[in-house]
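Below is one structure; the comments refer to it alone.
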């Protein structure tokens, strides 16, 4: 469809996300590299590797300086990284002060630091959206706390639950992800400084102080060089894949619940068809599902990137560039679409009730079985329930009626009360509240 | 690094390919959709579903008509496909004739046909490059037919081969791919026409003739509707992955052969470093390797896309859009980079010879073992060779010298002749020619 | 659940396949390696590399000889391939004749040839099952040629089709796969002989004749060494993934069609629940779907295996061992489960009819739109249909009734006739027959 | 090669791990399911759902009870889970007490809890091995703290480092993984109890207490039902993939460092060849690399498993069974092989020194460049270094000699001192110690 699904004006409105695409854009990447070079020069000044006035002049020259992607494309093609061209270009503009630029740094220091700054912004964006989505899910879940519906397991009616519980289960993996953000930040937001072979030998005894100063200027944690330790990118990727998968589950449920035959929940402004006037396609949910599979598929690239050869490996490293921005935008787009779906959620409690009563009330078979098991062996109980289900189907009765009409079973319980789906409301509510209690401070 | 590695002005010069990106661009996609709508209207006219003059007017109106991606983005976001917006827009421009537009087609008909037309152009591009690359490999292989080098298995010196054979083995999977292009075209270049649910019910009895006319106008094969049969996209994807993997193997070999310690083959204009003046990084080969892993990783999306629900499935289908354009450009970029590497290939026959003689000539151990086995049991022979290797290492002899100096073995063969790496030239050449004989018409 | 899902007595009955597991078993692999060593010795005798009587003795000794997996495990661990241990063991048993064993071969020759022989048996098994499944699908498709049902696109009722057509679309990718078997055999069933570095230098001038004799004895095609050209494994893998995906699509449809709310098609003996007496879980279809995703996920390993370093690469090659047997058994298990599903298919034409009429007949909206478009502009027609759908919903009418009651539209058509789902039968049947016509000789 | 690479007596010695395979075996899984049923009955007794004496009798009957995999295979095939057959079998043995068995549980409760118990044992195994491997790496790193070697970036000589630093970088991602084990345990070792649809409705008001009692009896954390929240399996999988990738990086380096042409580090008992007496193949490292790619490839299955439909999804859930045991054994096997490699590590400091001096000392080009830059503009400095490198090559000098002989540069520094690789020792050591300082308590 397009070689650039997340930036194409054709497909980005469906599959992309303008805010995340901006954070992860070429322009922002270049701006962050320039900011890193500035911070690096300032740090060199701080630790005495370059003269303070040189550092100041570099910072002044770089302040607000911007280069266009096309300015660096040829350099990227010839060096495999944009930094030599970037440094050459910037240095050329600043006379002798330029000698203090990029003093003892290597390309990967600059690129990884710039990426970390982008990821920081991405995490802030996603964390905010995640919190808002969880708030919205909480409100929906609370509102539907008493709405009974058929729980389905393995695509079959199982036992009743509440819609409030269903919505809470959508939130459950998201709550875990939200709680992990501080840990993830600690893994990801680390300064990268190692120099040519990761030993920072060009800056010698000052290197640790230099890295610390750089970290401080960039607002990152100090860290030993992680050229070869791709914990951060992998941790970020794993978190993003879990996020998109969690939203993918929500999307799959909504596609199913909104089907013509089920119609229990509608969400999203249904998409029109080019030929069928009646269609209301689950466009937003489909997009989430597509993106969730896409993000999962890119995931192995990050493990491959974590197997670089020797001190640095151009082929392995670049795999991150082909995976993380895509996964990040996919996650943002999924959150965007999910927010719209939850905002527009329209439960149809009548359809839910109808479905609960469908199948002659067979959804209460487990409950019937446990009720009978108080009076007889469980196998016998289960066999009675199967018989009663068959009777109910043949005679057009409910399961409760079939049991009540059975001379040997009818008096054991008040079957209407015993097999009321309403009985599932309290346990569903208890479980629902336990799930939401996982959300700290909420 | 960028959300759009194949179109970004920063990264496309390294990882992308301008010709393939053009073929697979938004602009070309939209143009092909318009062409398909035109051909469809013409086909409707041919079979009498719409009036010939209406068909003519539609074709005239569409001729050269172009829409911008942003014209269709909102429609894409709301419908999940660009066709409703495209049709609405085009129809609005052509008055009553517009009613004949898209008569009985469904979105997937238009999109899949447009993609097939793009894939046709892509295949032509790749086939041409593949043929030229094979020609270049053939020339290089011929030129190095007698250049001896150490064959390595499992990262160890094994037995001598020729560089001509090594180059032929790079070509071998490419020869198979080239030979399969006609078969691949037959799988891929099929017209898509099925209407709303794949039964083409809106065009009734004319549907088969309509599909045939559409096929003819587009230069494609007639076919039953393949909304649900994703043989074509899967076959294309499998071919592209095999292509990028074959080039990835070549790239891995070149990265290794160009290492400082080996230096047997240099290729590409080495990329510079931001800090190390001596570096000559294997940028082109690394890019190929990165892209080969990337394309392989996207591959499973095509199988998932081949599991659509029911008559059409928006979430499954869109997975192809996120995989095939990327795989197509990756393949083109790999071919582009590989052509540059082969064009600039600089074998260093001295380094190769030195390596053949390194390790005291241990690379001839298999030959020694077979020579001795003509005179004794093989286990004994092999043990003698291991002893001689140890002796050679300790005394600083070659394996041939160590064997010659052994009183009980020295006279069995003329060891210098018997263990000359030159002996491997003839069998290598025979195998080389057998590989190249696989290329039909070459 | 188990580290060995395809051989565990616990899980193999669900996920495995006894016939395929036997073909791909350790025991068969070892037997095939012994058979290859025998054929190789015979071939060496044929071309004069070893004495005919030695070849004969080797063959006699190997005839019926079997080794246990545990006999080779330690050798596998130390060499990374089983061949050195196998050869040592066999050689030790045959005295001086043993020197003629494995003369000039390398481990990969033996292992790859043994695998090819296993794949040949696997292909025969799968081809037979595929043919029988297609026969069964054909019979079911024919039997349901007139059974109308709601076609669904993007999880929404779309337009009517027949169940016969739906079943034909399940068959469609399988028909393509069946037709490709001869081509696949040509890609896969090639002899492997290249010796230590792929130049077959140990057997010198006889090497091509030797390879040809080996091919003849094994019933394979002669070929240049393909140590580095993994076309065969990749082609086999791509075919297997397409096969499992095609069956995965069928499985997804059956899981959906057999849901409590839809109930249009039941298939399989529903699986019981540990607690819910009424459940009838779609166990077989779920297993297919699981296996289809699993096979797709393994696919990239084959591309990685196709990027071996230099003349042979132990790490890359072994990736095939971890993917192809698993994919092969998964495919066989999917075919086995699919055959059971199709054998037990129970369409419920009443539920299908009910669903066609549900939603006030909205499924005929496209037909109404085209009918009106014969009398007015299409946008107007489409708008009228949307109005009529709204009216129908509000007043509890069918779409046909709503249109008939509209003063300005009622007279334009006989709406009951025009909007009968029965109208879709003929086009569905035509498409169905076109699909089946793709199956040659059927 | 085998359908069961981790349990086959042929391949497990190479690719498998006996301890991990035992923990994840069918037998252990069944034993854990029986243990879970016992603990569940006991918990039911604790909260009063069944009579204490019934609970006691169940526990007594289950104590030491074992079933064979084949006892449950048919049940697995018909139900898609082993629990109905397991419960039926156990219940049949215990008379009326059996009615108290599995009271209100669903299959997924039992299976997930059993898996968690297996994962607990697996984590203990891996944590122990990881600690021992880190200890061994630390000892090796310390011992080689002053061993200078050429750092390589992008497969080219870059700047000197120490082998002690290289080894520390192998440890670096492993240190992070070790530190995360407590967090991982908290994510993974949670009790699963949700009953039929995750609302635990069969056990009503006692359900939370029941879950807590079950957790206590099993030594797990209490948790709301996580049928649909696959945080635990995903977190475990991500950790395992990071672990195998970290070891894969180590393996790639060792394969490379042990090559004939480099020979700086040997590790492992080199594997023999079936035909080449001199070979010493890097079998253990290759196995690690194969397994690392394999584990990464399986990873996406866990994301797909995290997108289950509705309240439970048989097809999605089973994907975990096909991925996690395999990933777990792969990780254990990688640790086992890595331990052997590190134990047998043989650095060759002479080869390292030779390589440092190769290329006319070009590895000191960065240092030369920075030294000159103290006296002139950096571009000028860099150009001088490139000139000196060319002079050195042509005249057979070292870079230091070439600079010293240059009239305008020779006096600027004592070039022998300035360009001594020894200068890299201190910064390498500083970085090395910073990495090891990441290991808490070590």
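Observations on the structure shown:
When the chains are written out, they are named A, B, C and D in that same order, and each has its own residue count from 1.
As a convention for this text, contacts are C-beta pairs under 8 Å (C-beta built on N, C-alpha and C of every residue); 3 or more make two chains touch, one makes a residue touch a chain.
Keep in mind it's a predicted model, so treat the numbers as computed, not measured.
More contacting C-beta pairs link the chains of A-B than the other of the two pairs B-D and A-B. The copies chain A and chain D differ by a rotation of 180 degrees on their C-alpha atoms, rounded to the nearest 5.
Computed centre separation for the pair chain B/chain C is 24 angstrom, with centres defined by C-alpha atoms.
With centres defined as mean CA coordinates, chain B is found 32 Å away from chain A.
The set of chain C residues touching two or more other chains comprises 80, 104, 106, 152-155, 158-159, 195-196, 202, 255-256, 271, 273, 275-276, 281-282, 286, 289, 293, 297, 300, 304, 314, 366.
Put simply, chain D touches chain B in their complex at residues 150, 152-159, 255-256, 258-262, 271, 273, 275-282, 286, 300, 355, 358-359, 362-363, 365-366, 368-369, 382, 385-386, 389.
Interface of chain C with chain B (complex): residues 80, 91, 96, 98-99, 104, 106, 151-155, 158-162, 165-166, 169, 172-173, 176, 183, 187, 194-205, 207-208, 224-231, 234-235, 238, 241-242, 244-246, 248-249, 252-253, 256, 289, 292-293, 295-297, 299-300, 303-304, 306-314, 366-367, 370, 373, 377-379, 423-424, 426-428, 430-431, 434-435, 438.
Residue ranges on chain A touching chain B, taken from their complex, read 1-16, 21, 24-26, 29-30, 68-70, 72-74, 76-84, 87, 102, 104-107, 110-111, 115, 195-196, 202, 251, 255, 269, 271-276, 281-283, 285-287, 289-290, 293-294, 297-298, 300-301, 304, 314-316, 318-319, 321-322, 325-326, 329.
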